[in-house]
Structures are given as C-alpha cells and as structure tokens.
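Some structures are shown below for you to check.
Two complexes, one shared chain (chain A), two partners (chain B, chain C).
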Partner chain A sequence: MQVNFKGVTADYQIGPIRSRNILHHVNLCLPSKSFTAIVGHTGAGKSSLLKTVNGLLLPKEGKIQVGDQTITPELQSKVVLKHVRQSVGMVFQFPESQLFAETVEQDICFGPMNFGVSKEEAKKSAKDAILNVGLEEAVLSASPFSLSGGQQRRVAIAGVLVMNPDVLVLDEPGAGLDPQGKEEILTLIKYLHESKGITTILVTHDMDDVARYADDVVVMEKGKVVTYKPVHTFFNDVVQLHAWSLDLPEARRLQLRLEEEANVKLPKVCLTIDDLVAALIEVGLA
Partner chain B sequence: MNKLILGRYFPGDSWLHKLDPRAKLVAAIGFIAILFVAINWQGYLLLILFTLFVMRLSGISLKMYIRGVRPLIWLILFTVSLQILFTAGGTVYVDWGPITISQYGLINGVFIFCRFVMIIFISTVVTLTTKPIDLTDGINALLSPLRLFKVPVDDISLMLTIALRFIPNLLDETQKVMDAQRARGTTFGEGSLVEQMKKLVPIIMPLFVSSLKRAEDMADVMEVRGYQSSKPRSSFRKLAWKRKDTLAIVTMLALTTTLVLLRQFGTYYMY
Partner chain C sequence: MVADKTIIEVDNLTFRYDLRKKKQILSAISFSVKQGEWIAVVGDNGSGKSTLARLLVGLLEPENGTITIDGIQLNEETKWDIRKKIGLVFQNPENQFIGTTVQDDVAFGLENNNTPYNEMKQIVEEALQLVEMDMYWDQDPSRLSGGQKQRVAIAGILAFKPNVIILDEAFVMLDPKSRNQLLSTLKQLREKRNITIISVTHDMNEAAIADRILVMDDGTIIQDSTPEAVFKTNQQLAAPFPEQLRRKLAESGSNVPQTYMTEDEMVRWLCK
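Let's look at the complex of A and B:
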C-alpha cells in the first residue's frame, strides 16, 4: 500500500500553547512494498510524521493518502479513520507500555476485536501472531506483566501485527533492548516485510540498522524532509552526511579507512561487513 | 486532558504571584471559613466583591476561572437543587408532600451556589498564582507545628512535591497510551456509559503499571543518593515573610470583622 504525503503541515495545540509547524510542507511518496528508514535529530518531526500516517495527528494543511483512503485537515469521518487505522499498524516507542490485559492472548485480540473480528477468529490469529514474533504458544495464557522486557516488546508488536496491516510504522522498535534482542526484532520485521509485502516505515537513530534493513532513507530536519534516497546512494555522499552530522554504518566507516590507508578504491559502497569482505576479496586485499 | 484548570499554575508577576505561599494559603483557608459566617445578602455581596477584586488582582482572565468551575457545575447544581427542594420556611410556592419550593429554600439555594463558586474561584486563584513547589513549601511551613505531635510533616510535604512533580509526566504518558490504543482501533467518546468506562481499562492499566514501576525506581534512586526521612533537612528555597504578606493577612482580618458586624446588624436570612 502506497503512502503519499502532499504538502503536509502540522502542529500541536497544547492548551493555550501552540508549537509552530512540527511538520512543514512535507512532500513524500513512499511506494507500495518499500522499506523506508526515517532518520534525523531529536525534534526533527519524525514521530509526528508517523502519527499523521494514521490520523492520530491531523494535518493543518495538505493531505496524506494511504492506499485509497485520504486524510485531510477537515477529516471528521470516523469510518475513514477506522479504515486507515486498520490498514496501518503502528508500533510506538516502547510499545510494551500499551499492554493492559490479564493474558497475552486477550491483549493481542484487543486490536482485531476493535475492528469487528469475531473472538474465535481473533484467537486464531493471535496464535499465528505470537509464533510470528518468535514466542511460544504457551505465552498466550501468561500475564503480559510476568514476561521479560524483550518478550513484552514482542507481545506488543504481535498485538499490532495481528491486525494484518498493509503498512507497518515503527518508532525505534529496538530502543532499550540488548543488541541481540534488537537484531532479532528487526530481522523479524524485515522478514515480515519481505514475506507479506508490508510497506514498512522505520524511525531509527542507528545508521547500521538503516544500512542493514532499509531500502530507502528519508532525512528530516526541523520538520522538513531534506532528502529521500536509496540507501546506497545515500551513504556514498560522505560530505553531505557529515553536514547533517549523521554517522556512517560501521562497515562503511571501515571501508573508508581502509581505502585511505591502502590507497585503493573499492568497487562499491559497502554497508555491511559481508559486503565489505566480498569487496576486499574482489580487489585482492583479503 | 488540557481542560483541567483547578490545580494548574499560570506564570505571571502580579501582586498575588509575589505573595508568600504561607500568606496565600492562610488567607484562602480563612476566606473559605468566613464564607460560613455570612448569613445575609450584605455579607455575600461583600464576599463576592472581594472575590472579584482578588481575581482581578491575579491578572488572569475571567474566562480561565469560569473554565475552572465548569467541570464541577453538575455537583453544584445537584447540591443547590437539594437545598431548594428540601428547605421549608417562608412563603411556599410549590408543595408536593416532602418536596417543597419555598422562599427560604430559594434564598438558601442562591447562597449555596455563591458559596460553591467562591470556594472554587479562591482556590483557583491560589493554584494559578503559586508554583506547585512553593505551594508544598507553604504547606510544609504551615504543618510544621504538628511536628510536636510526631506527625511526619516532611514526609507529607515530600509526597506532595513528588505527586505534583509527576503530574505532567502522567499526562504525557496518558496521551501516549491513548494514542497507542487508538492506533489499535479504540474510539473514545462513543457508546453507552458502561462501554465508555470499559474503554478506559486499556488506558488506566498501563498507567498504573508504569506509575508503580516509576515509584519503585524513584525510591531506589533516593535511597542510593542517601535520602533518609528521619534526618533533619535544610531547604534550598527560603520563604521570606514581607510587608505585603502581613497586609494580606490584615485585610483578611478586616474582612472577617466586617462580616461579623454585618451578621449582627444586617438583615437576617439564613439559619
């Protein structure tokens, strides 16, 4: 499902205080079945952009098209919102803080049942979802609060995946997990993206994640989209990255260092260690 | 979430903002007490004028105060209607057995309504013009005589400080959890009362869990940093009693005296 932002401007109104233009005239078209990473500094508007995708934050100007549904500033229709929210799965930062039910099963069924799926069917999909996120079926009858942090995160993600979203939006799904847990979760997301063709939008601070999982990168700065490029071209322009004070992935850093020391130029931009090893073998350095 | 005015601080630099929190608290409590001294329209008129004057002094628009009353309006109307319906005396206008609408009932109703509104206005003035942290300092100072009776005054004020300190966090978190549940298809403000209450469970539960967890973390951190409740504590902010604070208290005393005099010599309505 395609997600298309057309001149989206948005701000928050908190009591009498209005924060100006959290999003400023964002034009962005994310094609169907793409995997896009959104990077940028804190306060650049990444999370707000995510919230506009399913109408939690309505734009002040412009519109957002999600598949054949359109979110506009004057949108009041609960039907459209419900459709959009059903097709857009949203994994917030620290999603485990949304767990509430007595058992994991009830918590996972909460979403689908809100969208009118019958109890039996919801339970069936809950079973699939829990296996999908790499937990055992036995977990379903446990209390979500008895699980470890990593398991809770998986349960929360299962609670979103169970709705079979066409678009999956994730805000730092790996934050606060150990490296292994983080890798497992992101690999899982990548797998789901590939096997089910889910359009995936990932907000992250970690350039290694961008390099490893995403196809395209969006850089946001002060509420604006400043670039939208495929990952390889993006990490090629070292000078520009430096100007945005964004890091390089580890492998790319090592590659640049090697090129400088050995005074060679590797044939391509290497984003993962495997790429780098292959390239080094190719030029006969390893 | 942002409609609650009662208990919120509004930055400013009016005369009232600069008043010592102790003076403000004593004056406010005193004012609420003398509301019950007034028994006739002269007394109420004086109190209403005084309330309006104080509100004017705070430099905050009347609209804010009215928004503060709004959440409580049903409670007020309920109490007022009880007064009107069940007070007998004077000329009786309607008589349905135990339920009567009488002259005294109507007068009482009006008085009670004024009393309610003034209590809310005055306490709103205090919270709107006093930083929460100053408020707890003031409460701490006022409660300190209770130390003689082994009341843990410092613990109480610490609890108050912490509770007030975390209100914004709690509001943030509520917003986050609401967003998350809305993304999972809940719609708020729809359906019958029971349905709406059921929809609150997915919000309240996560808030409880995170609050308890935060309380535990907070207790650990305080202990690690050497906090002991039994030890005497010094204070970073010192409260200073100034001339205007004395003036505020004197005004309150003058108001009280006037009211007592009005009670003696004014028209007599309530009993």
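Let's look at the complex of A and C:
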C-alpha cells in the first residue's frame, strides 16, 4: 500500500496555545512494499511524521494518502480514520507501555475485537501472532507485566501484527533491547515485510540498522524532508552526511578510515561487516 | 584520576519481585566501585541490570545483603541523604517528568533541596546548556520528541550535581551526534568533579570506553574486569565492531592476531 504525503504541514496546537510547526510542507511518496528508514536529529519531526500516517496527528495543510484513503485537515469522517487505522499498524517508542490487559491473550485480542472480529477468531489470530514474534504459546495466559522488557516489546508488536496491517510504522523498535533481542525484532520485521509485502517505515538512529534492513532512506531536518535516496547512494555521499551530522554504518566508517590511513581504495562501498571482510580479503589487506 | 576511595560497596545483594516465587532477580551479588570510576553494566534483557540500578538508589528494597554509598549504609532512614549523592536517569524519560515546563522539571530536585532562587536559576540554565536544550526552557516536556525528553531527564540529574550518576540506557533515543556530545560532557564532568558513572547499556562501543565492565547473566555477575579482558574471553557478548571484524576475518582464513583488538590496533595491523 502506497503512502503519499502532499504538502503536509502540522503542529500540536491545542486551543489557544500555539506551538511551532512540527512539519513543514512535507512532500514524500513511499511506494507500495517499500522499506524506508527515517533518520535525523532528535526533534526533527520523525515521530510526528509517523503519527500523520494514521491520523493521530491531523495535518494543518496538505494531505496524506494511504492506499485509497485520504487524510485532510478538514477530515471529519470517522469512517476514513477507521479504515486508515485498520490498514496502518503503528508501533510507538517503548510500545510495552501500552500493554494493559490481564493476560497477553486479552491484550492481543483487544484490537481485532474492537474492529468486530469474533472472540474465537481473535484468539486464533493471537496465537499466530505470538508465534510470529518468536514467543511461546504458553505466554498467552501470562500477565504481560510478568514478562521481561524484551518479551513485553514482542507482545506489543504482536498486538499490532494481529491486525494484518498493509503498512507498518515503527518508532525505534529496537531501543532498549539487548543486541540479540534487537536483531531478532528487526529480522522479524524484515521477514514480515518481505513475506507479506507490508510497506514498512522505520524510525531509527542506528545507521547499521539502516544499512542492513532498509531499501531507502529519508533524512528529516527541522520538520522538512531534506533527502530521499536508496541506501547505497545515500551512504556514498560522505560530505553530505557529515553536514547533516549523521553517522555512518560501522563498516563504512572503518572503510573510510582505512582508505585514508593505508592509502588504498576498496573496490566498493561496504555497508556491512561481510562486505568489509570480503573487500579486505579481495585487495589483500587481510 | 581514579582515587582509592570506595564510593559504592554492594555485598551479597539478593532480590525477588515476588516472594512467593523462587526465582531470584538478583542472587547474592557483590562488587565495589571506586570514586571517579566509569562502570558499564551489560547483559541480556531480564538479567537484572535495571533492578540493580533501582536498588542502588533505594527505589526497591533488597531481600538480603547491603548497599553502602559513600560510607553510609542504604536503608529507609538514610535513603533521603543518599539520594543527594546518587542520581538515576531512567531508560524511558516519561517515567520521571513532573514539571509543566522544561525548566520547572529540571528545577524540581533543587527546589526540594531548598536551593536559593538565584542560584537555582543559574544551575538550571547551565544544566540545560550542557544537554543543548536551553532554547526549549519554556516548553512542555510531554510535547518534546523522545530524544529531547531524554536530554531533559539527564539535565535534571546534572543540575543536582550528584557524586554518582547511574544511567539506565539513558541514551537509547539520542541521535549519534547528541550521544557522543553527552558522552564527552560526562567525561569532562568526571575529570572536573571526579564523579562516578555507572552506565547500564547494550551499546558495546559505549561499554568499551568504560574503566570496567560488569557482565550480568540471570541475576548474577559473571564477569567483572576491563573491556579488553571481557571482550577477549566472553564470546557470547556482542563485541565492539573492530573485534567482530577480527573474528570474521579469522573465520575467513586471514592470519589476524588471535587476541582482542581495539580499532586503532586493527587499523595499524591492516596498514602494516
């Protein structure tokens, strides 16, 4: 499902209190089945952009098209939002803080049952979802609050996956997980993206994750989209990355340091450790 | 720089959340920290790192064992004095906001300590400058972005000028540039004020700059030594990038050295 932002401007104005604009004229078209990483300084508007995708933040100007639904400033129709929210799955920062039910099963079933799915069917999907995120079925009867942070995160993600979203929007899903847990969650997201063709939008600060999982990168700065490029092209332009004060993936960073200090040129842009190992052996440095 | 004075002494610490269950979150752990040391605590989710952090500031009560901070044993009566010496930044900053504006929030701890207004104003400004949030002083903290919230939470602790700062993954939502800036700010503070830093982290590059790493597994400390020794002997732990590269090169049949390498060593070896 395609997500298309057209001239989107938004702020968090409530009543008479004005806040600064959080998004300024964002134009961005993310094709169906793409995997896009959104990066940028804290406060650049990344999370706000995600919120406009399912109407949690309505635009002040412009519109957002999600599939054949359109979110506009004057949107009054609950029907549109309902459709949008059914197709856009949203995983917030620290999603485990939204767990509330007595058991994991009730928590996961909450979403589908709100959208009119029968209890039996919801339970069946809950079982699939919990296995999908790599937990055991036995967890379903446990209280979500007896689980560890990493397990809670998985339960929260299962609660989103159970809705079978066409678009999955994730705000730093790996934050606070141990390296292994983080890798598992992201590998899972990548797998779901590939096997189900879910359009995936991932906010992250970790350039290694960008290099490993995403196809395209969006850079946001002060509420604007300043670039939108395929991953490989993006990490090629070191000068520009530096200007945005963005990091490089570890492999690329070490490659550049080596190229300078050893005065060699590796045959290609190395984004992962395996790229780097292969390139080092190829040129005979290691 | 590291003085010989012991600032934290943990002896035989045991903790369970649910006394009806056998499973101990922490089982009989002991360690000590010297004034001015930088300690990284690493380990999988559920290994007891955050529980340890909460016990150290008296937010949880141990089932057994003692915690001594700067010569005072932590208990119900002493915990208020001890909290003037030790500050904790939570992983999720939402857990610690109380003020309606950024500056009120940072001032909260100082107000509780009856700091005079003029002094307080200056301290708050300085703390917000250190984390580069001074231009947001009049904003509502709940409307900030995740990383900005995290920076305000850190400013709240810095304003308090504690001897010991515990960071429970307090950097996870920061962009790399802010993270590096804050790390160097903390390094400077350590040199200037000789503060002690305990950082609970999953970022092995961050752990690698510590003086010592405590590796936790299932409620016990399985290793307590220098980053070099830890990454050399512990193959389970995700290693810093240059060490990962060394292992991968070794697997691919390269004749890299068989021992742990820092980035500088790796670059030198590759440039030889």
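Everything below uses one rule, namely that the second predicted complex is superposed on the first by the 282 of 286 C-alpha atoms of A that agree within 3 Å, B and C clash if a C-alpha of one lies under 4 Å from a C-alpha of the other, contacts with A are read in each partner's own complex, and residues count from 1 in each chain.
One rule holds in what follows: contacts are C-beta pairs under 8 Å (C-beta built on N, C-alpha and C of every residue); 3 or more make two chains touch, one makes a residue touch a chain.
Computed from a predicted model, the values in this text were never measured in an experiment.
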When the two structures are laid over each other on chain A, do chain B and chain C clash or fit? clash
Between chain B and chain C, whom does A:R212 touch in the aligned arrangement: first, second, both, or neither? neither
When the two structures are overlaid on chain A, which partner does A:R154 contact: first (chain B), second (chain C), both, or neither? neither
Which of chain B and chain C A:N54 touches, first, second, both or neither: first
Touching A:R252 in the superposition: chain B (first), chain C (second), both, neither? neither
If we overlay the two complexes on their shared chain A, which of chain B and chain C does A:R85 touch? Say first, second, both or neither. first
In the superposed arrangement, does A:H24 touch chain B (first), chain C (second), both or neither? neither
Which partner chains sit in contact with A:F100 here, chain B, chain C, both or neither? Use first/second/both/neither. first
Contact breadth on chain A, by residue count: chain C or chain B: C
Once the shared chain is lined up, is A:L177 touching chain B (first), chain C (second), both, or neither of them? second
Just to be sure I read the superposition right, which of the two partners does A:M163 touch: chain B = first, chain C = second, or both, or neither? first
Just one of 73-81, 163-171 or 199-207 in chain C runs into chain B once the structures are overlaid; which is it? 73-81
Chain B and chain C contact sites that coincide on chain A, given as residue numbers: 97
Sort out for me which residues of chain B touch chain A in the complex. 2, 173, 176-177, 179-187, 190, 201-206, 209-210
Complex contact set, residues of chain A against chain B: 14-15, 51, 54, 56, 78, 82, 85-86, 88-90, 92, 95, 97-101, 110-111, 114-115, 145, 159-160, 163
As the complex stands, chain C meets chain A at residues 43-46, 50, 91-92, 94, 143-148, 150-151, 169, 172-179, 202, 204, 238, 241-242, 244-245, 248-249, 252, 254, 256, 263, 266-267, 270-271
Contacts from chain A onto chain C in the complex sit at residues 12, 19, 39-44, 46-48, 93-94, 97, 148-151, 171-172, 175-182, 205, 207, 245-247, 250-251, 254, 257-258, 261-262, 273-274, 276-277, 280-281, 285-286
